[in-house]
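Across the two complexes that follow, chain A remains constant while its partner is chain B and subsequently chain C.
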Partner chain A sequence: MSFWRIVLRSLRQHRFSSILAVISMAIGIALLVAVYSLKEQTHRNFTQTGLGVDAILGPKGSPLQIVLNALYHLEDMPGRIKWTYYQEVERDPLIVQAIPFAVGHSYGGFRVNAIDPRFLTEFEYLPGKRFSFSEQEGGQGRAFGATNEAVAGWVAAKTLGLKLKDEFHPVCGVYEGDPVHETDVLRFVGIMAPTGTPYDRALYIPLETFYLLAGHPAETQKMARDVGYREISGAYLKVKRIRGGALHPGIQGLKYAINQSDRNQVVIPNEVLPRLFDIIGWVDRVLLAIAGILTILAALFLFFSLLSALRERRRDLALLRSIGATRRTVMGLVLSESLIIALLGGLSGLFLGHVLIGVGAHFIKAETGVDFTSGYVSSADWAVLPGAVFLGLLAGLLPGIQAYRLGVLKNLSPVS
Partner chain B sequence: MSIIEVESLEVSFNSGKEALRVLDIPHWHVEKGDQVALFGPSGSGKSTLLHVLAGLLAASRGKVAVCGHSLEGMAEAKRDRFRAQYIGYIYQNFNLLQGFSAIENVLLGMTFSPHQGDWKEAERLLGEVGLSHRLLNYSAQLSFGEQQRVAVARALANRPQLLLADEPTGSLDPLNKAGVLRLLRDMCEKHGCTLVLVSHEREVISLFERSVPFLELNRAFQSPSGIQS
Partner chain C sequence: MKRDLSSAFLAVALMAALGLLLLGPVEAARHEEHRGRGHEAPHGGVLNVIGKELAHVEILLEGDTLEAWFLSGGHDTGLSVRIKAAEIPLKVTFPGKGEMKLILRAAPLKLAGEKIGNCSHFTAKADWLRGAREFEAKGGVVIKGIREGLIIRYPGGYDPIHGTKDH
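Let's look at the complex of A and B:
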């Protein structure tokens, strides 16, 4: 009979406490895995350069608010900027591309962004990647052309069940109860192929349409005709790059110059988002601490269940010694049991953690639109199994030493 | 050829300030293939002698050679390996592992020995003790007599040269007692194994051609003041 078969038999003998130990270990580790993965994915979601925007030209106000609104379709834009100012910035030699947009509308819970048509045809949301309407890539239709046309991001279309030629009335505002532009009918002519970015979670209409909506006041409609009077919410800026792909250092000078003005500012998302993580970092730390404490409690539970099992098994271990098992062998048996429980707990926890993310991702996406995937492999995933082995060894050490020191005769037959 | 050679063997335990001497055997030997019964009352040190012979307990003084191996000064791990290779041990209370079936208990007897037996051999041994129909039963599902039969099969599983039986019939009814004893002796004969059995029951001893009154062998028990020294 092999060593491992003895270990498995012994685990089976104490299956109730062994299963409980595996479950408690799995729960602790699952939470650790899930929290870590969410933390890393949040970071990735909010900092990926794939969003393709080097800087945002926007009104004065909270830079974080501008980033959240312009890129993640959250919050409100704190104001507007003059079209003429945008044109001035666009002409700066450091600016490679500037895409103006106007926000403030919604439909079915998704933001409706009025945007320059070049966004759909020329803007690269990832290096070398532009938005596509190709059916092979999961899209449908085409980019908007006329002012009564609209396109939908993939997630928005899927969530709202949109089809080509569907019509809708945009809501003037982004909150429940905001008025609907009843007299304005827009028609979907395209559904964008999925990009895996927040761009999938919005609807897009031509910038010009924003000014032409019949429900808007006259002064807004005047902006369609008079560029001197026109205002926009902001513009996505692509900045000239230097060797190695870094932003041209001149951007700091441009940013400084623009930020001197009373009404405008340039926000660089990669400078702003770390602040967001500073703000919400304590939540991560609290969740990690809770998960860590749970895992340690699970290891303690394993320790006590091994100790308790050892008390019941003194005679069995003494008997193994009497038929030739060495002290090291019986210690190895106890340690192996601990390791197997910890590894099973680790593996189950890893699996459960990803299931948790998968389930949670659905709700998070529905609530915030931020995309999480259960398939994401975080740095914690790599540490789970070595960590479980370490905890298993730690939990099994004292019971193992007790097994090592077990007196054979004391625990065997009565002496005659 | 002697399979057991004992010279000036003493075993003492610490009891407070004084040493409690439980074994004092000037000379004793057992020839290969013998079947010897040691007879004596409970507490006379019979089990202690078996523990010493099995290498479970180190002698305090004297020489003990079993199966050609001198046990004095032998490291514990080496004694464990010695036991796995040469010794079979049967206990009064069977000492079967509860979570293991009858055949797994027999397989365990082979696990630590250099002779790596297999399922077939364990099955054959259980067949020899009349339990081929109980292979997969756990000890709780076996009668006392059957449990002791499993213990006999397990003790022989490592093909030992010496089988030590410590009150092997102590927990059995008279019918099972005779059956187990017969089985034990037949199996030892069949497997060429020397048997040393200890018992306090006269009817058990009477079945052996060579029986040794343990009180005559163990001088620690001969002093009028008991075993204090």
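Let's look at the complex of A and C:
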């Protein structure tokens, strides 16, 4: 009987404990894989792409709040800035493009962003990529022109079942129960092609429309006519770049100057979001610690089940030794069982981990518009198989040594 | 039985050691983050303390232009402090070369809403500043309502309490 047949036979004989060991290891590894993947993808999505915005000009307040509101359509903007101040910033030689916007409305649970028309025609959300309404790319219609027109991001349109020429009354606020602009009717003239960014999760109207909505007080409507009186929520800024694509170093001086003003600040998303991850980084660590403990417990369970199986098999192993099997062969049998269980657990865990990510990604995208994919290969994925081999060897080491030291005569003596 | 127990104990000890091995780098990284945080010069220049950490003046020398920003004291070097003076005369000493006069002139940061007489940013220009590697400048300034001496040391900075390095 070949070596591997003996190993497989032994596994079958202890199938219950073997399956349990595989499952417990798979659960621990699945959690490790899922946490690592989500952590790395979150970091990539929230810090590396920048969504085409180098900096956000906004009011004084929490920089994180400004980034979450301006880029991810979450939270509220903590105030407003003067239009004349925005114009001064736009004139700075370091600023390549400045797109003003005003927030505060919603429809069907999606934020309505009143924005400069250049956002739809000139703004690049990724290098070389502008918003499109082309049917070939999944869009429809065109950018808004008149003040009663609107366009929808792809996810918002799909969720709300929007079609071209559909009409709506914007809600003055972003919470349930906020008043509706009953007398203002806006019509969808375009649905943007999907971008895979949070821009898909909003509706867009002309900036001027914000001031002209009939339900607003007179002081807001005055802002449509009087530029000196006008206020906006903020502006997306694109900054000059230097060789290599890095932001012009002068941005720090510009940021310093604006941040010393009474009412305004400049926030650089790629500086703010990593700090968010530092703050909530402990959540990752706790989850990883739990996953690590689960995996170690699984390895311990494997160890104890091998030990228990060894106790039951002493006679069989002694018999094998008596017919010529060497100490190393007997030790190898035990170690091989441990390795097979650990590898099966590792592979199952890897698969289960990616399934978990796929399920979680669906809910995360629905809530935040941010894309996560089950196919992402994280740094943990590469470590799973070597890690499983290591744990398998570790768990099987002591039982293997015991098997190596097994006394033939002592274990073959009659039991009576 | 005894052998099984000692094996079990060894196994647990090995697993625990493995866990600690993994946690070690995590803890080290955390300590690394907290180490080395001192006063930061927001423009990449050199910090000089004014008074007993009442304020700072950050200076940056590029070519023939010296820029100075008046900043808050302590760890608040990200906050500007505005002063009323439109000009700040300085006596600049170069080691082994003697003394020169330099006048820092208010250069308001418009986007910060500053004006001459309510300004945190000053500049001075002189041909002899070009290529300067080391100097000390002395003057005086009224800052936060208090008249204080101004000592600027380049490139090491001036901090009589903590020394010239980060603290």
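Note that the second predicted complex is superposed on the first by the 402 of 416 C-alpha atoms of A that agree within 3 Å, B and C clash if a C-alpha of one lies under 4 Å from a C-alpha of the other, contacts with A are read in each partner's own complex, and residues count from 1 in each chain.
In the analysis below, contacts are C-beta pairs under 8 Å (C-beta built on N, C-alpha and C of every residue); 3 or more make two chains touch, one makes a residue touch a chain.
As the structure is a computational prediction, the values presented were derived from the model and not from experiment.
**Student:** For A:341 in the superposed arrangement: first (chain B), second (chain C), both or neither?
**Tutor:** neither
**Student:** For A:57, decide between first (touching chain B), second (touching chain C), both and neither.
**Tutor:** In the superposed model, A:57 contacts neither chain B nor chain C.
**Student:** Which of the two partners, first being chain B and second being chain C, lies in contact with A:67: first, second, both, or neither?
**Tutor:** In the superposed model, A:67 contacts neither chain B nor chain C.
**Student:** Is A:12 contacted by the first partner chain B, the second partner chain C, both or neither?
**Tutor:** After superposing on A, A:12 lies in contact with chain B but is clear of chain C.
**Student:** Let me test your reading of the model: by the given contact rule, A:324 touches which partner, first (chain B), second (chain C), both or neither?
**Tutor:** first
**Student:** Scan A:99 for contacts with chain B and chain C and give back first, second, both or neither.
**Tutor:** In the superposed model, A:99 contacts neither chain B nor chain C.
**Student:** Looking at the overlay, does A:191 come into contact with chain B only (first), chain C only (second), both, or neither?
**Tutor:** A:191 sits against neither chain B nor chain C.
**Student:** Go through the superposed model and pick first if A:361 touches only chain B, second if only chain C, both, or neither.
**Tutor:** In the superposition, A:361 touches no partner, neither chain B nor chain C.
**Student:** Where on chain C does chain A make contact in their complex?
**Tutor:** Residues in contact with chain A: 3-4, 7-8, 10-12, 14-15, 18-19, 22-23, 26, 33, 42-44, 78-80, 109-114, 120.
**Student:** For the complex, which residues does chain A have touching chain B?
**Tutor:** Contacts found on chain A: 1-3, 6, 9-10, 12-13, 315-316, 319-329, 408-409, 412-416.
**Student:** Provide the residue numbers of chain B that touch chain A in the complex, in ascending order.
**Tutor:** Per the stated touch rule, the residues are 42-44, 46-48, 51, 54, 56-57, 76-77, 80-81, 83-85, 89, 91-93, 95, 97-100, 104, 107-113, 154, 158, 166-167, 170, 198, 200.
**Student:** Which part of chain A faces chain C closely enough to touch in the complex?
**Tutor:** On the chain A side, the touching residues are 85, 88-89, 92, 252-254, 256-262, 278, 285, 289, 292-293, 296, 299-300, 303-304, 307, 311, 394-395, 397-399, 402.
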